[in-house]
């Protein structure tokens, strides 16, 4: 499990007074930086090799701006030959889980336009964060 | 089916050169305005009565900025006693479907903090857009 | 003057109940598509030749989501040898101007990393939208 | 001077390969949280008492995603009876200033719909961050 803290922005909120549903989507992407880094430590545009094919989000509790900070917990919830699922939870100060979700990503050769097999050296690092019993698993076969 | 056109913004794109995965999420929300309007023609903050509990998105084709416009098609894919699923597709100029997805929403009394039964007058209008065979159905029980 | 209509999104609003200050920035960028098109009708990433160097925004009236639509008026407020200022206003249904602002952009050769002189053929088209008496002029020398 | 670090998100970038001009606007707002806190330690929606009336941004260097983090420096660049200017700079790893800008805000009574005089207790705390010689001053009289 990876843990990352994000600070809330007024931009994250909407007129209903709490965080908009795109808030968790933005925070979860920030938390995925540590996963991206495993695939390419430089995280350069030219060497990018991941493509997002699916996103799921469950909104469980409204998130007030007064929370100030959200703890994002990140797990790899599935590791395939050329794809992976990254799951995330957004936790409030009191430990309540306010949102859960995840993305399916494919290790992709942008030049050849086709999936690649995840190399063993990367797979080993990913396995350290694999938790198939984590609080969220994608409900997709992707 | 409801049809709505959105114009692409550079803000919708990311460094990989095509639209970011939050693009469809933003466009689909804009397309839901016509659904929100059925629930409250004034669409005022005070009278708001819908809460988003789940979002799913499938990214099928990369969307280039040169598309300029996206056609968003919207269906009600499930209509329950106090909840509904709204599904959307993002279509390119040549008719290709580039993204599919949907949200689960609950008709909600924000003061009493509990779901309400969708009134018959609203249900009738929603039924006009119900299509259980539309291209996307949520994979959630919510 | 160019006129463009944008539909409001809940994402545009914040917890204070009206549109967030980035709302006009996003709408104005959408309105600039018609200016970008003058510089490159294909609007491709490879042929992009404009760089934004300054942005100014004045927020005059709070914009409620119940407005539903905003009319964006766009003018070229300054046309230099290799740079231009594009000004925008966001107008409510009753004609009230809710926000004004503008950007300074430079016609730029991304390969050579230096400004280019705006060609006469483009300049002619830009001149059609030039209005140095438009409601907003940048307060910068850029 | 206040110092705050933000982590870059792919969402911050655009198809030109570097950060979009709204990136600094979003990061600077996050950095203003420490200023908002001076005005209302609870930072609740009900007690909110600031209104943003102007924003200016100068984009000096393109910000690559490979920077990973941005240091935002924040100053109060003007303190009036009922208004203040908050200036910000976005700094790269090597110390280069990539963007500068600021906002004008008014201390505002949302119920009475009029500006209020900033109380002495708040003014004292703000004065600790006042630096009229900071790298950016708003070019507006607001």
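Order of writing sets the chain letters: A, B, C and D. Residues in each chain are counted from 1.
The working rule: contacts are C-beta pairs under 8 Å (C-beta built on N, C-alpha and C of every residue); 3 or more make two chains touch, one makes a residue touch a chain.
On a predicted model such as this, the values are computed, not experimentally measured, just so you know.
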| item | value |
| --- | --- |
| Homomeric contact chain A-chain B: same or different residue positions, threshold half | same |
| Centroid comparison with chain D (C-alpha atoms), farthest chain | B |
| Whole-Å separation of chain centres (CA-atom averages), chain B against chain D | 34 |
| Rounded Å distance between chain C and chain D, as computed from the means of their C-alpha atoms | 22 |
| Chain D: positions in contact with at least two other chains | 10-11, 15-17, 22, 26, 45, 65 |
| Chain-level touch network, classified as line, ring, star, complete or other | complete |
| List of chain B residues in touch with chain C within their complex | 7-11, 17, 26, 29-30, 33, 42-45, 64-66, 68 |
| Chain A contact footprint on chain C (complex, rising order) | 10-11, 13-18, 20, 22, 65 |
| Touch list for chain A against partner chain B, complex | 15-16, 21-22, 25-26, 45, 48, 51-59, 103, 110, 139-140, 142 |
